[in-house]
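Paired with chain B in one complex and with chain C in the other, chain A is shared by the two complexes that follow.
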Partner chain A sequence: MEKALIVSEIVKKIRGKEVLKNVSFEVEKGQLLVLLGPPGSGKTTLLKIIAGLEKQDSGSIYINGVRVDETPPYERKVSMVFETLALYSHMTVYENIASPMVAEKKPKDFIDKRVREIAGILRIEHLLDRRADKLSGGERQRVAVARALAKEAEIYLLDEPFSNLDAKIRYALRTEFKKLKTILGKTLVLATSDPLDALALGDAVVFIEKGEVVQRSTPVELYYKPSRLDIARYLTGKILNEVIVKKKAEGGKTVIMSELDIAISESVLRDLQEIPAENIVLASHPDTAIIEKSVENCDGLKLKGRFLGYEYRGSEFLVFAEYKNHLFKALKYEKPLIDFNEPVEVCISREGLNFYNLDTGALVR
Partner chain B sequence: MVSVRIDNVSKSFGSVQALRNVSLEISNGEFFAILGPSGCGKTTLLRIIAGLEKPTKGRVLFDEIDVTDVPAEIRDVSMVFQFYALYPTTVFNNIALPLRSRGLSPSETRERVVEIAKLVGIESILNAHVDRLSVADKQKVALARAIAKEPQLYLLDEPLTILDPVSRVIMRAELKRIQKELKQTIIYVTHDQIEALTLADKIAVMNFGVVEQVGTSSEVYDHPESVFVGWFLGEPGMNFVEASVEQDSLRIGGKPVLSERRILEDLKSKGYGNVLTGFRAEHVKISKAPITKLDSVAVIEGVVRVIEFMGTYYVVDVESDSAEFKVKIDPRSFSNLSIREGERVWCSVPLDKILFFDPNSSKRIDIGGDSG
Partner chain C sequence: MRDYRRETRVYKIRKYLKLGILITIVVIYLLPIYGMFNLAFRPRAEMFTGFFVITQPTLENFVEAYEYGAYSAIVNSAIITAGGVGLALALAVLASYAFSRFKVKGKNLLMFYILSTRMMPPITLIIPIFIMYYTVGLKGTYLGLILVYGMMALPLSVWMTKSFIDDVPKDIDEAAMIDGHSTMYILFKIVLPMVIPGIAASAAFAAITIWNEFLFALLLSGIDTKPTSVLLSSIRGERGFNWGRVAAIEVIYIIPIIILVFWLQKHMLRGLTFGTVRR
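After this line comes the complex of A and B, so read on.
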């Protein structure tokens, strides 16, 4: 497939500190690539380099196959939305969205059609005549996204477009944004620190940490097979189930040990034997775990604990059990009929288990 | 322990009306949550209960005694805020201070401090300086100090917001346990629906200074009384689709989706030509094959517009003529279905999972039988 953007071996130092370390990835035409990473991981700097607003120390950017390292920003055919929303406060929403097209001297009826089309999808038609300084936070965000997308460009860069919004508006805007992307068929690069943005929106996700690309995959792969333990923790907001085991050779046999009193099924024991690491973290999402008064036929890890309560999320319950200061979580669709502190059994199913090397944090199976 | 009655309270700040005719009844020993988005008036209401603000109109009663004009310091309430304010000394001293000011002897004070510290789970850090504590432990100290006051009423303003997710879970469980042991009335203000749904015996959902609904977790989630409550609770919020009430069926965009006579007649007898149908995303089943029989289900035909992967579930956005709604599917069912954006689908919702709302007032319409 045709590449709309190639980021090749980008290195950038700021005040002597390397903030981007040999970053490379490609974005196909019409694809939405999400740059996911914790705040301060270098995402914004990278977007600025793609837009030509900052210069890299080494490496190259290609847009539609053309190297643009020496091309000034205004000739790169890139449109960017920043986290800090700079709208023209004295102008109406209509004028704000139209402004890049007016600057490009597009015909009036073309501008009008495009402003209304994008405003329709982002549900801001009713705001078109309102002045920008009279908008709420969520409305400003929509207008900023609309203005960036109204501009004729090959690639659209969005830096945290949904930050500082309350969860409900964020949810709604995300769906509208995805719809807009499908309709317009544009190539987009979106930087965010929110894993849900990446999972929900991305055709592909690049996980970036401390200026380095740590994983590039589809959202589903990223969620189920994070290449490192810290990514797995980041993605689930720390509600991962984790058990540490150690392998030790004893009299020609490998013995599996854990600080927790844990029953490990034959199948998982076989998995562990095959793994070339001594200290292993077994990790899984709460949706492949069970917490009940008693669990029979557990193919995976089984342990006993005490019931700590649940989170009622409306359509499901996130259930918690504690064992030796470790917290275990399971997703359940019916209300658990268990009392606080009551003994429970936890089964972490083999199906969802990932194995990480405790010493390096790398996925080993 | 005390019961609290808010009687027709309104509060204005200049031209801004923060609360409008709010009436609530909170029973003895109840864990009562006030839930709503930022700016809905919930904190103002809490401050009025504490005596830190005076209502413009209406009364506050503790055990049926009017305390509207009683100053905060003699209302006998303890407040815990989102950001703990602790004295820069040891944990012990922080808990001991309210006890000493109540005139307890040093030995009584020590005994009681240890007792409270055990209850809250901080007995091992009594000698630590609060500056050295984690955020979660600091919040526990704030709670312990509130308990040391032995108030008749606890007012908690988003006390768990600053905690990390794991500490929040543990603190939530602890809070619930402490409340059960103390048998005290707690009023808990939050914008976090999971917090309210999980902790509270009863929830008041507020919006723009008005109480939209009071009920148990399942009442507000499963039977919202207004469009706002349905939308605000749940991720995603409840779907609302406009439908016309015709002779033989309920229609969306001209297409029949529901033909249950009992419902149609009830709606017609109440004079509705149009209604908003409300249903939750998790109650919708998607099929790639046409469903033609409207037997105890409503069926909406549409096209998949957007698919969003949310980790533990998928959200599928379906468009049907003028309507648009979301479907929540677990990953396994999603992969069995293998649907794609742009595909035509048939969505069915069991009739007992559908609610009807007045399109003008946005209030729920009571339907005889199980659909309301």
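After this line comes the complex of A and C, so read on.
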């Protein structure tokens, strides 16, 4: 597959502090790559370096196979949607969208046709005569995307395009964006701190933390096999199920111990024996856990706890159980018919279990 | 038990006391202005009879002011002020954009230096400037006055304009750069229209400074370029001092500034707090 963008060993220091540490990744033509990471991880700086707005201390950027390190932003064939949207507030929506074409000195007829075409795609034709500072949050977002699309670029960079929007508009725009991506078939790099954006939109995801690429994978792989415990926690918010176990050699045998009174299935025990680490965190998503009055045939971890309640999440229920001050969570599609504080059994299936080294945080199985 | 009735009474007394003090202060400040307007419309015969009431208001003082050359002095003031403000802002906009957006070595030191020139007592400069102007033939010309006033208004204009430009996110410039626009296009077509209220406030402050200036005007203006401030200082009547005429000229002199301040008061307030308020 042809590479639209190659980011090679980028290092950037700001006031002596290394904000990007040897960052490398590639984006294939027509692909949507998501740069995911917590705020302050260096995503925006990286996008600005790709766009040519900031200069890296070392490393190179290749666009369509051409090295562009010394090329000014307007010659890079890159377009960008800024986190702040950066709309020209004193201009109309029409003038905002037309801006890149005005800069390219395109004929008026061409500009008019293209502005209306893009406005049609983004469903903002009715706003063309309105001033940019008289728009709502969602409308502003659409205009910013429209302006970026008006430039004929090879790569479109989007910095937190859905931030500062309420959940409803965010969801609607995300769905629309997915459609738009299919229609346009352009190469896109989207930076976000919201795992949902990455999982919903990305063809590939690069996870960045403290200026370092920690994982590059597909969204599904990232969600179910995060390479580090902190990524797993970041991706699920605070609803990851975690159990710590310790391995000890006693009389020529390896003994598995846990602070919790847990029944560990034979298969998981075998897995634990094979892992070359002593302190291990077993982590799983709530969708691979069950909380019921009683659970038969549990291949994984099983423990007894007390029912704490549930949270209705629109299409599913997040169920909580407590055991020795540890909170366990499971996703359920029917309303749980269990009373508060009633004894329950928790089963975390082996299929969804990831094994992390407690000391390094790295995925070991 | 709390005596709410007493507390309400105390609160009301305090409120009216504060209001009374405020009204007194306002009256003290407005009284001279009232006196000026009052004298301007008062016939000469009634000049010193009673202060508050005019029995027969007249425009004769304004006619006399016209005959004395007040209107051409006002035009001179307007030309010099417009020129000085224009020059100061043209330079201030370019300088403040550079200070706000580009990496300038010793930026803070330079900004401080610019402001420090404002702290220098103007009288220390008057002799060298006078000799210089006399030598090159700028004394008594509009250009000479515009140049000196432009320089005088420049430091504050740079500081104020920069604070307004700082408020425009850098992303705006970067978006325009990616669009493919030149630096000058970005400054004049994108950033500047966004800070028009700020520019207006800077212009207002510069205009007030220049409009009210007396010392440089006295020494550097000529017969044809004499502004109102100089004219006012040189008024003599054939039959003693004509207070009515002086007041009429003052009224004409003060009205443009009052209009300007009322028109731009919101932006000027923001300008006064530059550096302390961030939007």
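The rule we apply is simple: the second predicted complex is superposed on the first by the 358 of 365 C-alpha atoms of A that agree within 3 Å, B and C clash if a C-alpha of one lies under 4 Å from a C-alpha of the other, contacts with A are read in each partner's own complex, and residues count from 1 in each chain.
The criterion applied here is as follows: a residue touches a chain if its C-beta (ideal position, glycine included) is under 8 Å from a C-beta of that chain, and two chains touch if they have at least 3 such contacts.
Since we're looking at a predicted model, the values are computed, not measured.
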Fill in: chain C versus chain B on the shared chain A, clash or fit after superposition
fit
Item to complete: Check the residue A:Ser79 against both partner chains and state whether it touches chain B (first), chain C (second), both, or neither.
Response: second
Discussion item. Between chain C and chain B, which one touches more residues of chain A when both complexes sit on the common chain A?
Written reply: B
Discussion item. Just to be sure I read the superposition right, which of the two partners does A:Leu196 touch: chain B = first, chain C = second, or both, or neither?
Written reply: first
Worksheet item: Between the C-alpha centres of chain B and chain C, what angle is opened at the C-alpha centre of chain A, expressed to the nearest 10°?
Response: 80
Item to complete: Once the structures are superposed on A, label A:Ala51 by its partner contacts, choosing first (chain B), second (chain C), both or neither.
Response: second
Worksheet item: Who does A:Val220 touch here: chain B (first), chain C (second), both, or neither?
Response: first
Worksheet item: So, does A:Gly237 touch the first partner chain B, the second partner chain C, both, or neither?
Response: first
Worksheet item: Touching A:Gly309, do we find chain B (first), chain C (second), both, or neither?
Response: first
Worksheet item: Given the touch rule stated above, what does A:Asp287 touch, chain B (first), chain C (second), both, or neither?
Response: first
Item to complete: For the combined overlay, can you note the least CA distance between chain B and chain C, rounded to whole Å?
Response: 13
Worksheet, complete the sentence: Interface residues of chain A shared by chain B and chain C, listed none
Worksheet, complete the sentence: chain A partner, complex, touching residues on chain B are 37-38, 164-166, 169-170, 172-173, 176-177, 180, 191, 193-194, 197-198, 217, 221, 231-237, 280-282, 305-306, 308-312, 315, 317, 326, 328, 330-331, 341
Discussion item. Applying the document's contact rule, which stretches of chain A touch chain B when the two form their complex?
Written reply: 166-168, 171, 174-175, 178-179, 182, 195-196, 199-201, 219-220, 223, 235-239, 285-287, 308-316, 320, 322, 327, 331, 340-341
Item to complete: Over in the complex, which chain C residues touch chain A? Could you list them?
Response: 169, 171-172, 174-181, 185, 190, 193-194
Fill in: chain A to chain C touching residues, read off their complex
48, 51, 53, 73-74, 78-80, 82-84, 86, 88-90, 99-100, 102-104, 147, 151
